[in-house]
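Order of writing sets the labels: A, B, C, D, E and F. Residues in every chain begin at 1.
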Amino acid sequence: MVNVVRTNIRRAERAVVDRLQAFGVATVHEAQGRTGLLGPDIRPIWRGARVAGTAVTVSLPPCDNWMIHVAVEQCQEGDLLVVAPTSFSDAGYFGELLATSLMARKVRALVIDAGVRDVRDLTALGFPVWSRAVSAQGTVKETLGSVNVPVVCAGALVNPGDVVVADDDGVCIVPRREAGRVADASAAREAKEAVSRERLRAGELGLDMYKMREKLARAGLVYDDSPPGE
Amino acid sequence: MVNVVRTNIRRAERAVVDRLQAFGVATVHEAQGRTGLLGPDIRPIWRGARVAGTAVTVSLPPCDNWMIHVAVEQCQEGDLLVVAPTSFSDAGYFGELLATSLMARKVRALVIDAGVRDVRDLTALGFPVWSRAVSAQGTVKETLGSVNVPVVCAGALVNPGDVVVADDDGVCIVPRREAGRVADASAAREAKEAVSRERLRAGELGLDMYKMREKLARAGLVYDDSPPGE
Amino acid sequence: MVNVVRTNIRRAERAVVDRLQAFGVATVHEAQGRTGLLGPDIRPIWRGARVAGTAVTVSLPPCDNWMIHVAVEQCQEGDLLVVAPTSFSDAGYFGELLATSLMARKVRALVIDAGVRDVRDLTALGFPVWSRAVSAQGTVKETLGSVNVPVVCAGALVNPGDVVVADDDGVCIVPRREAGRVADASAAREAKEAVSRERLRAGELGLDMYKMREKLARAGLVYDDSPPGE
Amino acid sequence: MVNVVRTNIRRAERAVVDRLQAFGVATVHEAQGRTGLLGPDIRPIWRGARVAGTAVTVSLPPCDNWMIHVAVEQCQEGDLLVVAPTSFSDAGYFGELLATSLMARKVRALVIDAGVRDVRDLTALGFPVWSRAVSAQGTVKETLGSVNVPVVCAGALVNPGDVVVADDDGVCIVPRREAGRVADASAAREAKEAVSRERLRAGELGLDMYKMREKLARAGLVYDDSPPGE
Amino acid sequence: MVNVVRTNIRRAERAVVDRLQAFGVATVHEAQGRTGLLGPDIRPIWRGARVAGTAVTVSLPPCDNWMIHVAVEQCQEGDLLVVAPTSFSDAGYFGELLATSLMARKVRALVIDAGVRDVRDLTALGFPVWSRAVSAQGTVKETLGSVNVPVVCAGALVNPGDVVVADDDGVCIVPRREAGRVADASAAREAKEAVSRERLRAGELGLDMYKMREKLARAGLVYDDSPPGE
Amino acid sequence: MVNVVRTNIRRAERAVVDRLQAFGVATVHEAQGRTGLLGPDIRPIWRGARVAGTAVTVSLPPCDNWMIHVAVEQCQEGDLLVVAPTSFSDAGYFGELLATSLMARKVRALVIDAGVRDVRDLTALGFPVWSRAVSAQGTVKETLGSVNVPVVCAGALVNPGDVVVADDDGVCIVPRREAGRVADASAAREAKEAVSRERLRAGELGLDMYKMREKLARAGLVYDDSPPGE
């Protein structure tokens, strides 16, 4: 079991990352076939942020944040730090000092399958964080982990350089090599939804717009217009 | 097992619904004898809304939102959609397109014992939603359910046409035929609380105002004014 | 088993309480050796408050808030009410009327290992509350408990007169006799962090600032700069 | 809000109840169209029991078991007690003395959406219990509830006299008037499964037996027999 | 923050401990006024054990079991080890080797507010354990904690030398100086229950035996013997 | 998004699988550097089984078990089926008929990040299952997934052909190409533990055996033998 920091990773292209950022999580997740979503316990510590970035991944032991300090050095502008403990913990691995350091490197956000603290300061700084918990309980710096290895974060596989998209709906991972294709599919989906939205706003029913009535009848749905009893 | 859409339901009167809306959940719940409350895991996706509406109910299979599309057509102005899967799921059954469609019909809100998505858009639209989770994970449209049948939603029985009251404290169901009586009881309760509030604000103690001292003494409460040890 | 109200307690000094309030939970918790933190399920009902106060403690039976009414009388300016049921409950023990009464006595906040209601009103009043849940489900007034006895609240021991510090990160208890020492240690910690913050903001790495590189190498960390495969 | 004990209820017929008992929960639940299942947090305190009985229902306040004592008198041979607090609680509402009393009346089991205690004794007595929790924390006897009114228990509606079927898979409610029809459907389902079981045991594939291959192909499933990479 | 091992503690008397062991958790908890119960998430890893012992307490950092090794040396015959991490963790702090060491010292059991592993071996050894989780995830040995200091374990305060009673209902703490009194109260309670048990077994109703009927009537309970509708 | 069944996978060698089976989860997990463990919510439906098998993996939509039927055909003697829904669900995806079919193919066990049913029958059959829940709630057969693709199951990455080791402590994944090395390391670990076990059983302290005393002193641990206060 060697603990390693991979210093040389391929990242998804910035232009594609930025396109994905604009679409948001729900659209991107649908556009790539409903894969890559982190579990719904990972929530933003403040509302309204929508970001995408290239993943720098951290695998670390529970209750030990030493490797986050190591990972900072591997971060570049446009990256997004993804932290996954090897065992469940809701302690606070990350606070305002680490955020200051990441912001100095133009890192876009943090996604962590654990807890964070200093959320008042993080909010004031405008640094976006998605986490499982908020806790003032600190961690130690005793045991190694690895940086830029594949990690499982809240049920999703993340490879370094993958695109991480995050907003109020949660967090979704787009594999690096799929990013362009998924951005195209997202754009197509959004265009289609824009049309649907206008028709629905005008009062058209989804039943008609999506042509569901016949399929419902075939499935045996019964409409009962008998008068209600008292 | 027939899947049915009841198109003809009795609804509580709009005037009573609007009275109940003004009182809010905690008052209404007390006024009707502490019944009808949904479990506390059902939370608003944004804070500050207070609504009441007449229930259009949807019973649907887990991870399948087909029947929500069917239910939209049954909704009228002043209604509030209540969605209950037949098995636990925290997937996202509902998003901004369905909200657009409901708003076109002047539906007041959604209460769902499952997850929703597009919460940034729903918040921007000002459409109130109470849900168990936020998740970008979509659902399928394969299996029938029923509309306007009695459902159990987060532990409470809801009949179509019942009044649903919802605010930051949660969600409470008022049976259609009780609505007038509960509105009256709520008004009485609120009037009484207004008096209490003024007396408490002026510094009077609840112990005196509610005449609790004698009952406490009878129950054996001891006041100990001995000096504290170090 | 006698139920008692201790009317005569020693409180931490106001000046020290106010110093601790300024530091916030994460700093105070670290400064006193990572003890005294309540579990992370205790969350603020609204964001942005930071308070410290002297604990008036309430031990009460589940689903019964009678003793909170008793406790109000024991509260003084600068106190903070700490409520711990003897068995798990997420019902709503506390609402806007009790808050009005506490505010009339200049009590600073409530921490409760259970639920509260009227959160819209509590937010409008600006009364800070940390709780495990929000629920409109009321409680009864039938069974005695005790006031100003030691209680365990969300996993932390609280003695009457201890300092309770609370903010968006959670809640931390500082024993009365430690308060001065902890305030000094907090000040020292904050001064040190101010220096670190400036250096990190200027782009210095924590790896260098905290002199971690040698220890990492000794622990066996490997840097791998081989080119990534496709 | 009147608290009532209905002393005169219709019960499902014993013969039908006993037929349903033999089929067990999974079969009965399927046979009645996947309705009536209690949530999976309701688990047996000991393994291996399979019972069905006619429901005597109890609605009671949280942390108060007074109405269970009232309900005992309403129980007859072949009944099964169903207890639902009006708010969440995991305290221990029921123990060995109440079980002794129910056994003296030939009650078949208890289903409770809360906690029980004395589980070692209950196991030794062979009295089956399905509960949400085990807890030694007792309850009070202060506040009324009702007996033999409709209750929602762990998400399912239960009317007095309904059939309750329970085994290691959980608990399922069969409405009284559906009981005969559901027993017939269960028998049909079981007969069909017996045939399937033999064919599967002999090595036939479900893919063939259920004729799934064509539907899978139409849905677009791809079989890839390329050699694995290293 | 000094980490300390107190080597010289007072223990409750063995004879009293053994009396309490015979009564079990539910009786002892009631007899001491419903205090001292650990939360219901602490469950036995195997069923049927009933033990009591004198507490040797361990406070340790999350995910670090070093102090358990230190605590073993402090254990004597008749002790029961109580382990409480300072932050939530469900990792496996304890396994078969540590159990072997404790059994060599005639320690009676382990209570831990975290996880354990090797449960198959622990069961075969007959060593009783109450824990929050089972997990093969190990811990490190890097950071100090303390032995024989007061700890909060699963919501209950435990002082070294206190009596810990544990069985299938959970775990209850009896303060050392209360142990004799609680044992007497437990005996009285058990004697009274033995009489009740016989009367209930003979078919007498609790309503009569506890003389509840008048109090129920005063509280307003209504018996409705009208014939059921269809 | 293509749904695929890979029919041609490499499997770990049977002899190595059987060696790993003998060691059990805790030993194997340690021996491979504390990686590959599924989360502790995955529990055996009956106690005492210890198995290892080669993974046939199934990725399927929530509440839909169609792909399990597809996967059966891909299973060979010595395999172990691993099922991971793409979104959380605790419905019952698997029961006695599917187990019969797997047993006919000499499949060793099932690991599923969801629910199962017919647990009484599964126990009687002696078919080992590790699952997140037990639920009679069935699933549909409407939507495709994939077989023998990499899946994330309860937080762990599983590739087809990997070794899955499972016992009462949980479930651990050993990558196919690491299996031999991990078996060797497990054997070494077990040999070492056998020696430790004997020394501990004879009363030697871990403090001495692991030579911890000096490191504890360096870390600042204080032994306090002052007499206890009253």
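Rule of thumb we're sticking to: contacts are C-beta pairs under 8 Å (C-beta built on N, C-alpha and C of every residue); 3 or more make two chains touch, one makes a residue touch a chain.
Keep in mind it's a predicted model, so treat the numbers as computed, not measured.
Colleague: Which number of steps is the smallest that gets you from subunit A over to subunit D via touching chains?
Modeller: Between subunit A and subunit D, the shortest chain-hopping route counts 2.
Colleague: If you check the contacts of subunit B and subunit C, which chains show up for both?
Modeller: A, D
Colleague: In steps of 5 degrees, what rotation angle do you get fitting subunit A onto subunit B on the CA atoms?
Modeller: Best-fit rotation on C-alpha atoms: 120 degrees.
Colleague: Between subunit C and subunit E, what is the gap in Å from one C-alpha centre to the other?
Modeller: About 28 Å separates the centre of subunit C from that of subunit E.
Colleague: Please work out the Cα centroid separation of subunit B and subunit E, and write it as a whole number of Å.
Modeller: 39
Colleague: Using Cα averages as centroids, what's the distance between subunit E and subunit F in whole Å?
Modeller: Using C-alpha averages as centres, the distance is 30 Å.
Colleague: Could you say which residues in subunit B touch two or more other chains, in rising order?
Modeller: 34, 37, 40, 61, 86-88, 90, 135, 137, 143
Colleague: What's the contact topology between the chains, one of line, ring, star, complete, other?
Modeller: other
Colleague: Name the touching chain pairs, please: which are they?
Modeller: Pairs flagged as touching, ordered by label: A-B, A-C, A-E, A-F, B-C, B-D, B-F, C-D, C-E, D-E, D-F, E-F.
Colleague: Which stretch or stretches of subunit F touch subunit D in the complex?
Modeller: Residue positions touching the partner: 2-10, 66, 69-70, 72-73, 90, 92, 95-98, 100-101, 103-105, 115, 117-120, 123, 133-138, 141, 143-144, 161.
Colleague: For the complex, which residues does subunit B have touching subunit F?
Modeller: Touch list, subunit B to subunit F: 61-64, 86-91, 135, 137, 140, 142-143.
Colleague: In the complex, go through subunit A and note every residue touching subunit B.
Modeller: Residues of subunit A touching subunit B: 24-26, 29-30, 34, 37, 40, 43, 47-48, 50, 167-170, 172, 193, 196-197, 200-203, 205-207, 210, 212, 216, 219-228.
Colleague: For subunit D, which residues count as touching subunit B in their complex?
Modeller: Those in contact with subunit B are residues 1, 32-35, 37, 39-40, 61, 86-88, 150, 152, 155-157.
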